[in-house]
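A, B and C label the chains in the order they appear, each numbered from 1.
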Amino acid sequence: MASELDVVPGIATRREEAQSFFEKVVSNGLGWARKYSLFQYPFVTACCGMEFMSVAASRYDLDRFGAALPRFSPRQADLLMVVGTVNCKQAPILRRIYEQMADPKWVIAFGVCASSGGFYDNYATVQGIDRVVPVDVYIAGCPPRPEQVLEGIILLQKKIQSQPHKLIDRRPLPLFPEPG
Amino acid sequence: MSKAVIAALQQRFPGDVADAYEGVGGDDVAFVSKARIAEVCRFLKEDPALRFDMAPYITAVDYLGVEPRFEVVYQLYSTIHNHRARLRVKVPSGDASVPTVTGVWRGADWFERYCWDMYGIEFPGHPDMRRLFMYDEFVGHPLRKDYPLRGRQPLVPEREVPDLYRGPGPVDRD
Amino acid sequence: MSNEVKQVAAAPAAGPDPLEAPFPSKRMVVNLGPSHPAMHGVVRVVAELDGETITDAKLDIGFLHRGFEKSCENVTWTQCFPYTDRLNYVSSIMNNVGFALAVEKLCKLDIPARAKYLRVVGSEMHRMCDHFTLVGAMGLELGAMTVLIYAMEARDHLWDRLTELCGARLTSSYCRIGGVARDVPEGWVEKSRRTLDRVVEIREEIDQLITRNRIFMDRTRHTGVVTREDAIELGFTGPCLRASGEPYDVRKAAPYLVYDRLEFDVPVGNNGDNFDRYLVRMEELRQCDRILRQCFDQMEPGDIAVKDFRYVLPPKPQVYGTIEGLMAHFKLIMEGIKVPAGEAYSYTEAANGELGFYVVSDGGGRPYKLGLRPPGWPMLAALPHMVKGSLLADLIPTFDTINMIGGETEQ
C-alpha cells in the first residue's frame, strides 16, 4: 500500500541546516580538525578507569586517534569521558564540570554504569549520566574491552565529522542553560 | 586459643559477658552488654595475656522484627598472640547508642561513622560524628531493612530521558 | 571548590626594626576535589595550608558509594560474585575468594584441592596486577610516565592469561561457592610460565628506572612516616603495615587454601615511609612469581568444584538427562543456594591488606547481611595523620602508596 512516506524526496534537508558549498567545505575542514584532536577530560571514578588506563597505554593506543592528551581542566578540554559509576553525591560535580567546558563539547558515557546505572539499581547510583548531562556516544561493557572503546571513539569521530561546524557561530547563547 | 579469651572475659566481667559460644570455623564469640563495651575493649587491649592491639572491624546488623533490633559486631585481632575474638553487642532500636571505643583504638572511628551513617546507631564520645558515605542532605539510614532499595534522593534535577527499561512516565518513576 | 583565606594573628614585631618583623602569614584552605587526576577514583581532601605545609587535612569520601551491601541483600548468593568483583577492581579474584570462603565456612564445605590451587593462582596473578597498577600510577604522579606505560604492558600480559582463564580481563567472577567456575584451557600453564618470564623482565626494567632514581627517592623517603605502634593501633594491614615493621601476613599467620604448602617470604620494611611501602610491593611481585611457579608445579588434575548439587550447578549432560539434575539446576538458579543460618567472618590477604567478609545468613537463598572490612579503609582514615606537618607535595606519594581503591573503600 502506497503511503505518503513512500514518496520521499531524493534530497531531504531541513531549512535551518542548509549550507552553501563554501560553508560545507569549511564545515568538513573544521570537522576533520576537531575530530582528530580531541582533548579529553577523563572523569574517572571506578573500575572502568582501569580499562581507560589500558586504552591510553601502549598496546591499545589512543594516541593514534588523536585523543591522547588528557586535559585535567574542563576549560581546556572538549571531550568529557565519564568513566565509571556516577552516584548521587557525584552528580552535582559532574554537572558542574560539564557546564564549565566550552563549546563545542562532546560527552562519552564509558561503561555500563555511566550509560544506564549498570547493575547498581539502588539508592546511591544515578541510573545513567544522561539524566545529568546530554551524552553523544554510549560505550557499553562492564568494563568495556579496549577495542570497544576504540570503536566508540571512531563512532564519535564520525558523528563530529557529520555535524555542522561554523567558523563564526552567530547563534545566541541562552543566558541560563537549562539542563539539556 | 580464643577460648582462653572468652574465659578471661567472663571471669573479669561476670555480669556483662553472656552466652559465649564457638561459631563456625572456630571463631569464638561472646555477647557483651552495651554499657560496658568500652571497658571490656580496654581490658582486652591492655591485658598482657590477651593484647588485642589491632583496631577492630566494627559493623552492625539490622534484625528487623526482633527486639533488640540492631547488633554491633566487633571483630578483634591480636598481632602479638595471633588470636581472634568476636564481640556482639545488642542494641535496642529505642536507645540506639553504644559507647565509643575510639579512646581505645584510634582506628575504630571510621567504622563507627559507617554504623551511624548506614544504620543510625550513635556513638557518644566519638570525635567526629558525621556521615561517611552519604551526603548531608540525605534523609534516613540506607542499610536499615525498612529503607527501600531504590530510594534515591537526587541532588541535581534529573533530565527527562526515554527509558526502555522503566517505560514512559515522570522522571522519578522508579 | 573555593579557597577561603583565614587570617592568623601575626606574631608581634620583635624590636623596633620593621625589617626584622616576621612576615604575617595566612592559612589557606585548599580543596583537592573529587574529580582530580591524583585522587585515585574520587576522594576529596580538604587541606589547610600554611605556606606549603599542611597543618590539617580532612577527607570527604562517599563519591563512589554504590550500595554494595544493600544490593547484595537483594540477590542470591551466587549473584553476589559480580558485586564483590567490583570492590577492589584491580584484584577482583581476591574479593571473590574472600566471599566464597566466608560462605563455605557457613555451609561447612571443603573444596577439592585443584579448586584451591586455581583460586591461589588467580589471586596471585591479580595481586601482581594490583602492585603493577600501584607502581605505574605512582610513577605517573611523580613524573615518570614511562613507568606507567611499562606497568600497563605487564598488566595487559597478565590480563591476557586471565581472559583465557575466566573470560574477563578485569572483573572476573571466577569463584563459585564450592569451587571455581571453570578449569584452565589447554596449554594455559605453559603460556602462563612464558608470560611470567616476560612480566618479571618488565618488573626488572621498572626497578632499574625508579628505585635508585634521585628524584623518586627524595620524594618518597621520609615522607608519610607511620610508626609501628601507630600503624597497629590505626588498623593498618597488608603491605603498609609490613613496611612499618610488623610482619603480619594472613597467609602466614592463619594459612587458608594451599598457602601452607607453598614456600614464600614476606618482605618487611623498617621505616614506614613511602619508599618502604613501594619497596615492599616490588618485592612482593617477586614473591608472587615464586608462588605462581610452585602452584603450576604442584597442581594435579581433579575436580574444580564440590560434587554436591545443593551448592554447585550439575554438569549439563545431567541437567538435560536426569530429573535430579534438572530439578537441582532449577532450584539453584531460581531460589539460590540455601546457606544454613548463622554468621561467619573470613579473612584473607588481599593485595592491600586483610580483607574481611562478615556474612550473616537467615537460612534462605539471599544474604541477610554481607559486611566488608575494606583493607584500604584504615590507611585512608589515617591519611590526615600521615601528612600533617609535611609539604603539600608529599601528599601525592603518600596517597599513592596507601593504594586507596575507590571500590572497596566506598563499597
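The definition used in the following text is that a contact is a pair of C-beta atoms (placed from the backbone, for glycine too) under 8 Å apart; a residue touches a chain by one contact, two chains touch by 3 or more.
Remember, it's a predicted structure, so these values are computed and weren't measured experimentally.
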Greatest separation from chain C - chain, by CA centre: A
A-B or A-C, whichever has more C-beta pairs in contact: A-C
Chain centre separation (chain B, chain C; CA means) in Å: 22
Centroid spacing, where centroids are CA-atom means, of chain A and chain B in whole angstrom: 43
Distance from chain C to chain A - Cα centre to Cα centre, in angstrom: 32
Residue numbers of chain A (touch at least two other chains): 89, 121-125
Residues of chain B whose C-beta touches two or more other chains: 133-135, 142, 147, 149
Residue list for chain C, restricted to those that touch at least two other chains: 62, 65, 67, 70-71
Complex interface listing, chain B residues touching chain C: 23-25, 27, 53-57, 59, 61-62, 73, 75, 77, 79, 82, 86, 105-111, 118, 131-135, 142-143, 147, 149
Complex contacts: residues of chain A adjacent to chain C: 42-47, 49-51, 53-54, 57-59, 70, 72, 84-85, 87, 89-90, 93-94, 97, 119-125, 142-143, 145
Chain C residues touching chain B - in the complex, by the definition given at the top: 61-62, 65, 67, 69-71, 74, 105-106, 108, 232-237, 246, 248, 253-254, 342-346, 354, 356, 358, 360, 368-369, 371, 373, 377-378, 380-382, 410-411
Complex contact set, residues of chain B against chain A: 133-135, 142, 147-159, 161, 163, 165, 171, 174
Interface residues, chain C side, partner chain A - complex: 33-37, 41-42, 62-67, 70-71, 82-83, 86, 89-90, 133, 136, 148-149, 152-153, 155-156, 159, 169-171, 406-407
